[in-house]
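Listed next: structures, encoded as C-alpha cells.
In what comes next, chain A is part of two complexes: it sits with chain B in the first one and with chain C in the second one.
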Partner chain A sequence: MRGADLADPVPVQLLAEDGTFTEHPTFSRYIEGLDDETLRELYRHMVLERRFDTEATSLQRQGMLALWVPALGQEAAQTGVIAALQPTDRVFPTYREHAMALYRGVKPEELMGMFRAATHTGWDPHKYNFNGYSVVLASQVMHAVGWAMGIKQDLATGALDEGRAEDELVVACLGDGATSQGDAHESMVFASSYELPVLYFIQNNQWAISVPQHTQSRVPLAHRAAGYGFEGLRVDGNDVLATYAVTQYMAEQIRAGAGPKLVEAVTYRIGAHTTADDPTKYRTQEELEAWKRRDPILRYRTWLEAQSILTAEATEQVDQEAAALAKDLRAAVHSLEPIPLERIFDTVYAEPHRQVEVEKAWLKDYEAGFAEEGQVSDK
Partner chain B sequence: MSQTFNLPDVGEGLTEAEIVSWHVAKGDSVEVNDVICEIETAKSLVELPVPFAGTVEELVAGEGETIEVGQPLIRISAEGAAADEPQRPTEPQAQAPDNGAAGAEAPSTGASEAEQKTTDDVSEEQNQALVGSGPKADAPKARPRTRPAELDLVDISDLDVPAGSQRSPVPGRTPSGPAGGAAADVVRSATPPVRALAKRFGLDVAELVGTGPAGRVTRQDVEAQAQQGAAAGSETVDTTLSAGPREEQVRVRGVRKATALNVSASASEVPHVSVFKEVDVTRTMELRSALRSDASYQQLNVSPMLFAAQAIIWAAKRNRQVNATWHGSHYTLCNYVNLGIAAATPRGLVVPVIHDAHAYTLQGLAAAITALTADAREGKTTPAQMQGGTISITNIGSLGLDFGTPILPPGQATIVVLGAVRTKPWIVDGNIVPRQVMTIGGSFDHRLIDGDLAGAFISDVATIMEQPGLLIS
Partner chain C sequence: MSAEAAVDAQEKEAVSTPTTMPLAKAINRALADELAADPKTVLIGEDIGALGGVFRVTDKLQSQFGTDRVIDSPLAESGIIGSCIGLAMRGYRPVAEIQFDGFVFPAFNQITTQLAKVHNRTNGAVTVPVTIRMPYGGHIGSIEHHSESPEALFAHTAGLRIIAPSNPHDAYWMTRQAIKSTDPVIVLEPKRRYWLKGAVDLDTPAPDAFTAQVLRKGTDVTLATYGPLVPVALAAAEVAAGQGRSVEVIDVRSISPLDDETIARSAAKTQRLVVAHEAPTFGGFGAEIAARVSERAYHRLAAPVLRVGGFHMPYPPSGQEQRYLPDIDRMLEAVERSFVYAREGGH
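Moving on, here comes the complex of A and B:
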C-alpha cells in the first residue's frame, strides 16, 4: 500500500488550469516519451468527441434520438485512459464513454442504434474489444470482473483463446453514483480476492443525476479501494496528460500481476445527465461556470500551442474533421433502420427455446393486429 | 419546398410542451442546429435546434401556446431544394402514435383540417422523427387494432387434455363438461385476464363458446355475453345520464389543481387520526342570539364558527402540541394561533388565514371572519392570505352534515370540523329535554398528536361551546 497516496486526496495533476506543466516525481516520465503525433492525437480525439456529442444532443432535440447522454467535460478523462491502454485490453463501459468508443473505432451509426432505439447494442464487442453500453448501473462492473476471472482461468489452464493477449487488462468503467451500488462493492471484493487484472476507472463527474458526490461518499472515492486491499489514486480528470500517465502507471503494475487498481478521475459533467434531465434544477450556475474554467480541451490546447506542437493549420484540420464527423453522424442517424422483431428473441439463447418462441410468435401476432395507415376501423 | 419541423419528444415520453419564446421570426434565415425557440416541458426548459437550413416561412405556434408532440412548430422553406421526393404522411415507428394520419380514423383525436394538411407538407426528414418513445404517449392516438390482443404466453401444448372436454362448436351454451375438468382444459379455455373478467361479470368461461383461436373464449365473448345479460334485464337503453357526451375530459387547473396537490401530499405524508364529540351548545346559541341583537355586531357574521374559533384558541393554549408543525427531525411549537378558515367558493376550496387570531377580541374575530369569508367567496383571497396557518377550522354544519374527516392543510397538525346544530333529545339532570346539539371533531397529525391529546383538545373546545361563560373568567 502506498500510504502517502491514500493520505493525500489532492488529485494528481500535470497540466494546471492555465495550461502550465508541472513535473511530477512519479508520473512525468510517462509523458516524456510521447512524440508530438501522439500528443496531437489526444487533442484530436477530445475535439472529435465534443463535436460528435453536441450534434447528438441536437439530433435528440430534433426528435431523431430517443435519448442522448452527453459526455461534455469528460473528454480528457476518457481519452487519457483509453489512449494509455493496449488495443487488446477489454473495456466495459457505462453508457457515457463516447470518447472511448470512438477511439476504439466504433462507428457513428453503431453508437447511435441504441439511442434511436433501433438496436440493442449497435456494435460487435469482440471487434473493438469494447463491450456494449450498459444502462443498468454498475452491472458492467460485474461483467468486467467476470471477464477478468475468465482470463485468469484461461491462463491457468493454458486455454487462452487465440488472438487474446496474455497481458490483457480489463477496464471496469463506472461513475460516482454507481460506486454506491452493491454490485460495485461485490465486484471489488472478488477482483481483490482473486487478484484479477482489473482497472476500475471511476469518472467522478460530481453528480449522480441530482445527487451530489458528497452524498455518495464522505471520503474520496479512490479511498474505497483500500478497503478491499488494493491501490486507488485520484487524478485530475480534466488533465488528459495526468490521466494518461496515471493509467499507464496502474496498467504496468496490473500487467505485472499486482491485481486490481482503481483510478478516480475527478471531472465534471458540463451537460445534463441525459437529454431528459434539467440540471438547473439541482446545481448552480456558479458551479457550472467554475468547472467550465477548468475545460479539459482548452487547457491542453494552450499547452500544445505553447510547446509549438499544435499549429493553427492542425487545429483547423481537426475542426474540419470534427465537422465532417458531425455530418456523418447526422446522415447515419437518418439511415438507421430498426432491427427486425425476430432478432430480439433470436439472440436470447444460442439454441431455440420453446418459451422464447411462444413469446416471439405472440409479439408478431400482436404487431400484425394493427390497422394499416389510414384504414378506417369497422366500429 | 417547405419543410415542417414538428414538436419532437425531447424527454422520454413527453406529450406536449409550451412555447416559451421564439428566437427567430418569419423571414429569418437559419442554419441546421440554430436554436429557434425555447420550450417548457413537464421536465425542463429546452432550447430547440432546427434540423433544416433555409428561411423561416411560418411560426405555426405562438409564444405561450401549448402544443402536442408531433404537431407542427415551424415551417422552413429550403434553399434551392426541389420537392423531388414524393410526399407522404408521417410514418411513425411501430406502436408510436401518429398524429396526422390517425385523424382519419377517430374523431376523438380532434385532428383538424390544418393537421391533415400538414401531413402532406412533411418532408422526408421529418418522417424519421421518433414520436412518443416513452410510455405516456399512448392510447388515444395509436393506430387502431383490427382485433384484440390476447395475452397468451403460456405454451400448454404438452399438457394432457382429456377426451370429452372439447367444447361443442355450436353457438350458444354448451352442455357442461365433465365435473372437475382437467386443469389444462381450464387454462386452454381462456387466458387469465379473460377469466378474471368473466368472474367480475359473474360468468363461467366453461359455459361460453369461444370465437378465438382453437375455440378460446376471448374478452369480446365475455363482454358480449355480459351485455346480452344486461340488455335482457333492462327495457330502455339510455346511453347517457343526461343530454351531452358520454364522457368529458376536463382539464385540471387553478384551485382544483392546487387542492389536489395539497391533499394528495398531505394524505400520503401525514398519518391522520380523528376524534369526535357530541356537545350541548344551547348556551352558545343563546349567546349568539344575544350578540345578534347587539348593535355593535350588526353586519358581522355571528355563527357557531365564531365561538368555536374562540374555543379553539383557548384549547390550543392548554394543549400546545396541537398547534405545531412537523419537520421530521424536529417540530415547531407555535406560541400564536394563525387560524385557517376553510371556505367553499365558486372557484373551489380556499383556506384563508386569520394571522394572530389569539390577539383579537370576540368582535374583532367576528369582523375578521366576515371579511375573510366574503373575500374568499368573491375570489379576492390573496396567496399571502392563505399562508402560515397553524390550526384550521371547517364548518360542514352549513352543508347540513354532522361528521367529517378533513385532510390537514399542508404544515398544520390540527383541523377542527364543526357539524350542524340540531335540536335533539338530551338528558339533563335525569330528564329528557330538547337541547341544541352539535358534533365537534377534527383530524390531527398522529406523528405529533396521540388520541389522548386530540381527545383532550376536542373536549376543551367542547367545554367552551357548552359553557361559553368560562371564557370570561
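Moving on, here comes the complex of A and C:
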C-alpha cells in the first residue's frame, strides 16, 4: 500500500521525555563536543525566553501590548537551531521566533516595538543579521531565497563584502500553516533549482490558529523536501539537543555546497496562537496536557542535573536573571512611544516623493492651525 | 590637427550624435549599460536569457554578461519579485521582468505587502532598490491577459514609484534612472511601441523620470496622457490644429510621484484638460489627475476635467480592442466636448 511509505517517520530524538539520553549513530557526535558551559547556555536561553514570553502575555492582558504571539513550548526548537548557526547566517523569521531574536541580541524594547504597535519593526535587521518579523505568511521564505542568491552571486564574483563569510547559509523559518502558501512552494523551487544555501526551518506546532496540521498536509512536512529534490528531516522539536544536532548536520552539508535542506521540528504551541485567540474552542485539554508532559525545558533540565552539569545554584542564578529580564521588559514596554508620523512620512520612500512631501507639509500646517486657535482662546 | 586627433574628434562626434533605434532596443541598451556600470545589477525573469525575452528586450544580454547576471527564473512571478527583495536586502540591484501585465498578479502580494513596505517597515534601515519592468497595454492583437493596464492598482500603494516612458530616448534614460533609484520602481513599458523608432541621445539625459513634460505647446486645451497613448495624443493634436484647436500635449511620464504641478499649470493656462489612458476610466488613474487639477485650478477651468479611457469591463477579446481603446477620434471627441461647457458658469 502506497500510504505505508508516507507513514509519519519517528522524529530524531536524543533526549527522551523523561530526560534520558539515547545515542544516535548520526547525530550524537554533534553533541559530544559541546562543553558544559555551552550546554548550560542552551538551558539558560530557553528559561529566559519562557519568562520573557510569559511576562509579555501579562503585559498584553494589562493593556500594554496590542497583541502578543506566545512561543511557549517552542523554546527548544528555536534555541537548538539558532545556537547551531554562525552569526553570519541570516535568519528570516516568521513572527514567533522570540527565542531566536533574543539569542541574536535583539533587545526587549526592540522586539516589543511591533507588539506595542509603536513601530512595524523595532530593530535594524542588518545589525543583528536577523530580519524583521514577517506577518504575511511565507513571504519571508522568498526573501530568504533572494538573500541566498546574493550569497551565491557574491562567491561567483568574488565580491564578498566586509563581515561576510564564504560559507554563509540562510535560515528560512515557517510554521506548519505557512507551508500551504504558494510562496513556500515557489521558494523551494528556486532554492532547489539554483542549489542555494538555504535551511528551511519548519516549526510544526500542530495548529495553524484553529486548523490542525493534517488540513495543511497529509504527509509529514519533512517529506515535501524530497519532491523538490533535497533532504528533509523530522526532529523532536522539544528536544534541544536533537534540534541542535540535526541543524549542525544540515548546516555542515549546506556550507559544503549541498544546496537546500529542510528541518521539520515537531513541537507544540502550548499557548494561544495570539492573545486574541481562544484555543479551548478547537483543541482538547487532554491534548494540551499530553504535550505539557513533553516540556522541552523540564526534559533538558532533568538531563543536565543527572549529568551534574547544572547545579541548584546555577538554576537559581538563571531564575534570577529571568526575573530581572521580565522586570526590564516591563519597564521597556512602559516607556515605548510610537514613532512619530513625521518619521513614517520620511521612510515611505528613500528618495523625495512629491505627494508625500506635500501631505507631510499639509499635516504640519493643519495641526499648527489648532495650536493657534488654542492660543487665541487662551487670551 | 593630427590624424589621431581627427579620429578622436570624429568618434566624439559620432557618440554625441543621437542614434535612431526602436524603443525595445533603447531599453536593451539601458540594461546593458547598467549591467556594465554596476556589478550589483542583475536581471531576472522568465525567458530573458537565451531567448532574450518574449519581446527580445533582453536580447544577447545573457551571452554578454553571463548566466549569473542575467538569470532565467522558474515560472513563478511571486518568486521573481520575492527573490528580488532578498537580493536587494543583501545589496543587489535586481531588475525583474514580468512577461506580461496580466501575469503580474501572482506577484501582487510580494509587490504590495513586501516590496512597497520594507523601507518604511524597517524605519529606513533596509532599502530595496528593485526595478520591475513590465510590458503593458493593448493593441497587439493578443489573447486574454496580454493587454492590460494595471497602473492604478500599483499607484494606490505607497512605497512604489511607477513610470511609463513613451519614446525611445525616455525609455533609455528612464530605465537607467529607475535602476539607479534607491526605491522600488515599476517601469510600465508601452508594448505596442516596442518597435517605435526614435532618436536616442546616449550622452544627453532625458528630463528627470519623475516629472511630466509638455511635448507640444498649445493654448486652447490640454491633453495629458502617458505610455502608448502619447503618439495618439500628438496625432490628435495635429488633427485638431487643422480644425483650429490649439492642443497642448503633456506626457505624464511618472504616475507615482505625479507631477501634478506641471499638469495643473498647463490646465490653468488652457482652461481645459482631457486625460487619456488605456485603463478603464472607472477608478482609474485619470480620476486622480482630474481631482488634483480640479483642486488646484478650479477657478481657471472653463470645463470639468474629462477622461478618455477603457470601459468598465475586462479587457475585451482583441478582435474588439479597436473599439475599446482610446484613439484619435475618442480624444478629439473629448476635446470638443470640453468646449460645450459655458465659460461663465451655468450651462
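Throughout what follows, the second predicted complex is superposed on the first by the 346 of 379 C-alpha atoms of A that agree within 3 Å, B and C clash if a C-alpha of one lies under 4 Å from a C-alpha of the other, contacts with A are read in each partner's own complex, and residues count from 1 in each chain.
FYI, a contact is a pair of C-beta atoms (placed from the backbone, for glycine too) under 8 Å apart; a residue touches a chain by one contact, two chains touch by 3 or more.
All values reported here derive from a predicted model rather than from experimental measurement.
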Which of chain B and chain C A:His143 touches, first, second, both or neither: second
First (chain B), second (chain C), both or neither touched by A:Ser308: neither
Contacts of A:Thr275 with chain B and chain C, given as first, second, both or neither: first
Contacts of A:Thr121 with chain B and chain C, given as first, second, both or neither: second
Chain B versus chain C as contact partner of A:Arg354, first or second or both or neither: both
Chain A residues touched by each partner, larger count belonging to chain B or chain C: C
Partner chain in contact with A:Ala159 - chain B first, chain C second, else both or neither: second
Partner chain(s) touched by A:Arg61 [first = chain B, second = chain C, both, neither]: first
Contacts of A:Gln285 with chain B and chain C, given as first, second, both or neither: neither
Overlap of the chain B and chain C footprints on chain A, listed as residue numbers: 354-355
Chain A-touching residues of chain B, taken from the complex the two chains share: 5-6, 8-12, 32-33, 43-51, 89, 91, 93-95, 98, 101, 104-106, 125, 128-131, 133, 142-149, 151-155
Sites on chain A touched by chain B in the complex: 55, 58, 60-67, 116-117, 272, 275-278, 280-281, 330, 334, 338, 354-355, 358-359, 362, 365-367, 369-371, 373-377
Residues of chain C touching chain A in the complex: 39, 42, 68, 71, 73-74, 76, 78-79, 81-92, 94, 106, 109-110, 113-114, 117, 119-127, 129, 158-159, 161, 181-183, 210, 256-261
Touch list for chain A against partner chain C, complex: 92, 119-121, 124-127, 131-132, 136, 139, 142-154, 156-157, 159, 161, 182-183, 186-187, 189-190, 193, 339, 343-344, 346-351, 353-356
